[in-house]
Each structure stands twice: as structure tokens, then as C-alpha cells.
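Shared between the two complexes below is chain A, which has chain B as its partner in the first and chain C in the second.
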Partner chain A sequence: MIISENTFNNITVIALQGTLDARNAPQLKQFNSAGAAANSIVINLSEVDFLDSSGLGAIVSITRLKRSQGGDVILACMNDKVRNVFEITHVYKLFDIYDDVEAATLNAEKKQTSL
Partner chain B sequence: MITVITLPAEIRFVRLASLAALQVAEIFIDSLNPSQSDPGFCDAFELSVSEAFTNSVRYAEHPEQDKTITISFSSENNKLTVSVSDTNSPFNPDTPSPDLSSYPENGYGLFLIRQLMDSLSYKREEGTNRISMTKQAYCSQNYNP
Partner chain C sequence: MKTLIIIREQDYEWLHHFFPDIHPLLVPICNKPFAEFLIDFSILAGSEALRFVMDGPLSDVERYCDNGNRWGIPVSYASIQSTDDLQTVIEKNQRFCSAERVLIINGFIFIHYDKQHNYKTLLASLPDGEILSCDSGSLSLRGSRSETQKVLENIPLSLIRLDVIDVYYRLCMEILNAASSPYVLPGYSNEAYCHIGRNVVISKRAEIRKPVIIGNNVQILADSIIGPNAVIDSNVIIDRESAVIDSIVLANTYIGEHLEVQNKIASGNILIEPESGISIAMDDPHLLTGINTSGSSKSLFQSIVHGLAALLLILLQLIPFLILWPILTLQGKWKKSTNSYYTAVSEKYLILTTTAIERTGPLSTLAAALSLDRFTLLFRVLIGQLAIIGSWPHVVTPSKITEHSSTESCCRAAVFSYAETEEWPVNIGDTAIVERYYAAHGNPMKDIALTLKALFNRIHETNTHP
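And then the complex of A and B:
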């Protein structure tokens, strides 16, 4: 499900792939970045083709944890199907959401340096 | 059109259930109007069945008893209905919507289904829970706003 993780300038970009549902939500919830706890994370969702409320809950869960540690989670590249779940549940309001990973990473860097 | 699928009440089968729903919805839409797709209609069935199946597995009290979940599809004119049945304890489907302003981590299942489908009904019969979800397809030949 997590296909790659890269850390640069204290920002960790993780790329997810496939389906985020009740089968793999627990694995995502327990995700421990190799970077420092206070590093912000950009989640690249470009290869996620389906997400249900279990996957959504896992993303909310790791976001709460990250923010409690002084970092943040920023989302990038969600397709219309995934975006629809974020919109119906209003969970999109929790996040900065970008159409490309570069813009999301720049935003994460700006936020991190302003802290 | 009636299609029935019975799967073990195990979470590893949830994607099989949701993909089956997506495929049936795509075939249904294609049968109404082969020249027109309706991804929103098909996505609603995929997500709703994922949520209903997950709930059924989550509330299976004795999973060691080889429980199963049955998913059945039926159609009438331009309406498609999917039902998800299990033998769990009865439950009240009229749960309040989650407090969206607090962004909870769970509790969205039935709320999402209600938002995506035209109707949701619950029946308890002979020890079986049955959640039925119906949505009408809007194609150019029968679109009636």
C-alpha cells in the first residue's frame, strides 16, 4: 500500500497505491515515518484508485498524531472518486490539498519554516 | 436481473464485494444506454457496498462460526438495488449522522450510503439483517428532472 517514502528538507513524501479500505487501513494507521516525528508528511494519492471511510479514518488518525507531534499532513493528487469521499464527509476542511506533489511539498516546507 | 454473491464474513473479501458492485452497476448502466457512462452512479454502488460489507464484518460477533455475507442485486426499470445481508444481531439503522464539524475517525458508513443512494431500508427477517440500497440511473432516454 505504501510504495515509496522519501525525506528531503525535513518533509517526508509517501506515495500510496491501490485501495484504502478496511483491509489495509490498520496498516496505514500504524505507519511510522522514517523521518523525525515533527517532520511534515505529504501523502501522494495519485495511485489510489478507491478509498472508503476506513481509509479516510486512517488518514485522519495519522494526521491527528502528526499534528500532536508538531508536524502536519498535506494531501496531493487525489482523483475525483477519492475527493468525493473527502467532500461528502467535510474532512477536506482538515487539509491543504494540492493537485501536484511539488506544490504540496513547497507548502509543507513553508509551513515548517514558519513554525 | 438478479445476481447473488455470498462471501465469508471476513474483511479480506471487502474489495471483492465492492468491485462486484462496481461491475454490476457498470453492466446495468450499459444495458440502459450503451453510449453513455455514469461513473457517479457506479462509484456510489462500489462505495456503499464497501461500507455495508465492512459494517457486517465488524459486527459479526462470532466470526469463528464461518459466517457469510450475501450481496444481491436486482433492477427495475432504471433503478438498481443492492442488498447486503448477514446473520448478526439486529441493529438500529437510524443512527444519528456523525458530527462532521469534529472530523471523527469513524462512524461515516451509513451516513455515506445515505448521501450516495436514493434510498436505504433495513429489514430483520428470520434472523437475518438486510440492508437494501437503491439508486436511479439518469440516462438521456429516461432523464426526467
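And then the complex of A and C:
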């Protein structure tokens, strides 16, 4: 899995590419974002071509950590494969999901400044 | 133009009580799923793409509508939070809503339209903002304005709030009684007030009184009376000398002999009186019952594989169990508790005795590491009451029985939980995520591999209960 990092509207955007499964989940969990721990991040899932329960676990764990630090994880650009997994497992109820990275970062920034 | 259809769980929650197995967007209105009326209207309004946005599950709708090829309009899906306001919903669907005019259907509402009208031109000429609204929903336009703008008056549209079963019933009857239906309804219709689907067998001695609408694969046996005002959905059997008058019979329902259904809605073994909203579950399958359409060969294979795995585990655990169980019982480290559980494997409520082993010594640690606390449950797999791996059975109290049968029907109560195969679940919510994932992606052979993984993971577990 390729993990790349960018910044939009002062928000760190982590773009995932490839497979997010049991083998790659630790890579995402250990990924140290350049942004401050308390800041919200946006995860771009448009290029994820496979996601399993361990991958979901990695996203949920990062989110739990971020929320405990006062930040949040916002998901963006889910493709159908990823959305299907979120749908089956009802994980969609835990996240704010945007269909556009820019809109997601704007919202994350808004949330951050309101804190 | 694009159409954004926003529906919230709180608006359709009431429908679950009556039709627990049907997604609210797929509840049939005169044998046509509600979602199809919305799609039809979107097409008439000139939409080139449509998106269903919900804070509840969408998978059933997605399975039915797929990508919209059937209607020639791309259909997509998105999830929102129940607390999101309209502006947040639009922001969350920014890419879909950008650059074009968007028709927003907000709420669990039925739109009264007429297929003869040219809504495309009409809506294009309307200004942005709300077109129509009712108690729980609205129809509005958003986006780039057209040059010529009409004033909002005499729009040939109206909204109905779907909030009680009586409204649903009356809506079906109203559509059925329209001589020239303003909607496209399923089935063949050579004459007014009569629509009949494919593969319908009507006995020569049966009487059909218009208006009626009959779905596909329906059998109407001798001396039965159908109508007036009867809506019979697909896969229905009306047995001899029965009558369906002023009533709706939903799909996969058997109406027994000599039964008169009048001013009612029948769905499976449930009979609903629309006016009062009272529903009765019939216990006698000869009177009224559901027709099971799901294939059983897969579950039979699954039961066999799970049974064999359980048998093998019993053989492996028998000797350690016979040695350790009496010792730990005497030491007070073998703690039993008996509760009532729901299992979708046999669709029954079971009284199960579960065990917790106190890991405070070498023998109890060994017993827990060998998963001996699950030993007695393995026999339940052999008789088909539990699966070898699935969801940890949910404790039910009598007050929660009805609720559980509908909400937890996806859960296959088992000796081992899928969550025990993963290391990340830390709470019940996480456990449910993993269980749902494997419930959808599992197969019998994969289950064996996952059982071995769960057994292996349990060696390092600190407690004996998931």
C-alpha cells in the first residue's frame, strides 16, 4: 500500500493507494502524520482497491486515537468497493464521509477552528 | 440536473415495525418499490444522475437499483450522520452537487406526479429554493439559475408524508383506483383498473373483481375472490375459497383456505389493520404464512462443514475436558451462567449455559488456552443450533425478543466469534464490525480457517469471554 501525505486548507490529507488488509494495516497505524496529533486529518480512500476487517480496524483505531486527542478523522472520496465494506459493517455511522477532498478539508478546518 | 434523495432513519423507523424484512425504500406501493417512484420522478424532472443519501443502511437499495442501468440513469449512494443538517449533507456531496442544478427530495415523502406532465421544462424554469413542502419533507431546487423564471403557482405536484401505515394503505388504494394511472405500474394492463404480472395462474373458478393489481408468480386457486381493491404482490399463493378484498398482500405470502382478508395488509404471517395500526402474527401456517424463497443448499453445506469441525474439536478436547473440568469445578474456577440467547442459525431462542474460566493458576490457564470453556457449546453445533464461528450469541430478555428477531437476524450465533480472529476489537462496537464483515464475506471453508485462528488467538487471551 502506498501512503502519501498532502496539505489542503491547513489540514493533512492522507491518500491511500492499493490494498488495506491485515498485512498493510500496521503500516497505516504506524504512519506518523506530519500534522499535530490533536489536528484532524482527512483520509482519501479513492485509490483503495481492497479493504478488509483489519484495514477497517486500522482506520477505526486511528480515529479513536485522534478523537481522544481532540482531533478527528474525516473520510473522503470512497469508491464503491470501500463504501460497500463500510455499508456491510455499518462503520459509516462512525464517520463523516465526503465525496470531495476539498470539502472534507474545509469542514475539518472549520471543526478545528471551532474548538 | 441531478437529484439528491435524502432519507433519514427516524422518518421511516415506524415502517420497520410492520415490514421488518423490507428496506423502507423498497416497500412496494402497488407492487412497485417506493424507490422506483422516486427514480421515475427524477427522470421525468430531467435528471441525468441520482444519489440516494441515507443515515441508515443502503445495501438492500443498492442491490436492487445497482448503478441505475435499468432506468438509464446513473444511481449512486452516500451515507450521512443522523445529526447532519441539509447544508452539511450538501457539503458532504459537494462533488455530486457542484456545477449543476440539483433537485433535492428531502424526507420520507411520496411525490404525487403525473407521467404525462413535462416536469423537465417546468422545473428548469423555477427559481432556486423550496418548491413544495409538507410536515416531514420538502422538494427544492439548488444551483445555477435559469434565465426565465416562473412563479411558484399551480405546480402539478403534491407531497404526502409517509408516517403511518394507514397513509401507506390509502396511498396504494388511491393509485389502484386511478383509471389512467399517473404512474408507470408493473405488469400487463390491457384494460383499466387491472394489472397482471408474469407467470400468474388463476383458477377458472376464481373470481377477479377490478380494480386489482397482481404481481409475478402468483397462484390463485379455485373459488377464491380477488378484489375489488386488491393488491397482490409477487410470489403469493391464495388458496381455495379465500377472499382478498380492499387489501394488500405483500410478496412471499401464503393465504390459507377459507380465509377472508378484508381491509388488511398481509405480509408473511403478519396481518395488519391499517386504520388502527394493530398487527397480529399468525401462528397457524395453514392460515397465513411467509413463503421461504432463500436457497437452503448453501446453509446445509455450511451446517455439515461446521458440524464436522465441531466433531473434530470435541474429539480433541474430550480428554483435557474430562481431566480439567472436575478439578476446576472443585476449585471454583469453572463458572457457569445460564441465559436466553437468540440465534439466527435455527431462528430460535436458546437457553445456553456458558462458562467462564478464572485464569489464576496453571490448570485454569491451560483450560482457557485450550478453549475448554466452549466445549459444551460444540454439541449445539452438531444439532444445528449454533454455528462453529459467527457472532457471540446475544442475550435476550423477553421484552427484547421481538426487537432482536429483526435487528439481529444477520447474526449467526456461534461457539466462537469472528471478532476473536482479529486483534484490534476493543469493545462491543468493534466486535460487531468484524462479525458483520465476515458474515458477509465468509464461506464454510473460510470459517474453518477462521476457527483455527480464533483458537490460536484465544491461547493469549486474558479473559474467557469475548
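FYI, the second predicted complex is superposed on the first by the 109 of 115 C-alpha atoms of A that agree within 3 Å, B and C clash if a C-alpha of one lies under 4 Å from a C-alpha of the other, contacts with A are read in each partner's own complex, and residues count from 1 in each chain.
The rule is simple: a residue touches a chain if its C-beta (ideal position, glycine included) is under 8 Å from a C-beta of that chain, and two chains touch if they have at least 3 such contacts.
Computed from a predicted model, the values in this text were never measured in an experiment.
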item: Chain C versus chain B on the shared chain A, clash or fit after superposition; value: clash
item: First (chain B), second (chain C), both or neither touched by A:Asn44; value: neither
item: Which of chain B and chain C A:Lys81 touches, first, second, both or neither; value: first
item: Which of chain B and chain C A:Asp100 touches, first, second, both or neither; value: second
item: First (chain B), second (chain C), both or neither touched by A:Ser61; value: both
item: Partner chain in contact with A:Asp21 - chain B first, chain C second, else both or neither; value: first
item: Residues of chain A touched, compared between chain B and chain C (which is higher); value: C
item: Touching partner for A:Ser53 - first (chain B), second (chain C), both, neither; value: both
item: First (chain B), second (chain C), both or neither touched by A:His90; value: both
item: Among 183-191, 381-389 or 399-407 on chain C, the segment whose C-alpha atoms clash with chain B after superposition; value: 381-389
item: Shared contact residues on chain A - chain B and chain C; value: 52-54, 56-58, 60-61, 84-85, 88-91, 93-94
item: Residue ranges of chain B touching chain A (in the complex, touch as defined); value: 11-12, 14-15, 18, 39, 43, 46-47, 50-51, 54, 57-58, 98, 100-101, 103-106, 108-109, 111-112, 115-116
item: Of all residues in chain A, those that touch chain C in their complex; value: 25, 52-54, 56-58, 60-61, 83-94, 96-100, 102-103, 106-107
item: Chain C residues touching chain A - in the complex, by the definition given at the top; value: 55, 57-59, 62, 77-81, 91-96, 98, 418, 422, 424-425, 429-430, 432-434, 436-438, 440-441
item: Residues on chain A engaged by chain B in the complex (per definition of touch); value: 19, 21-23, 50, 52-54, 56-58, 60-61, 64, 80-81, 84-85, 88-91, 93-94
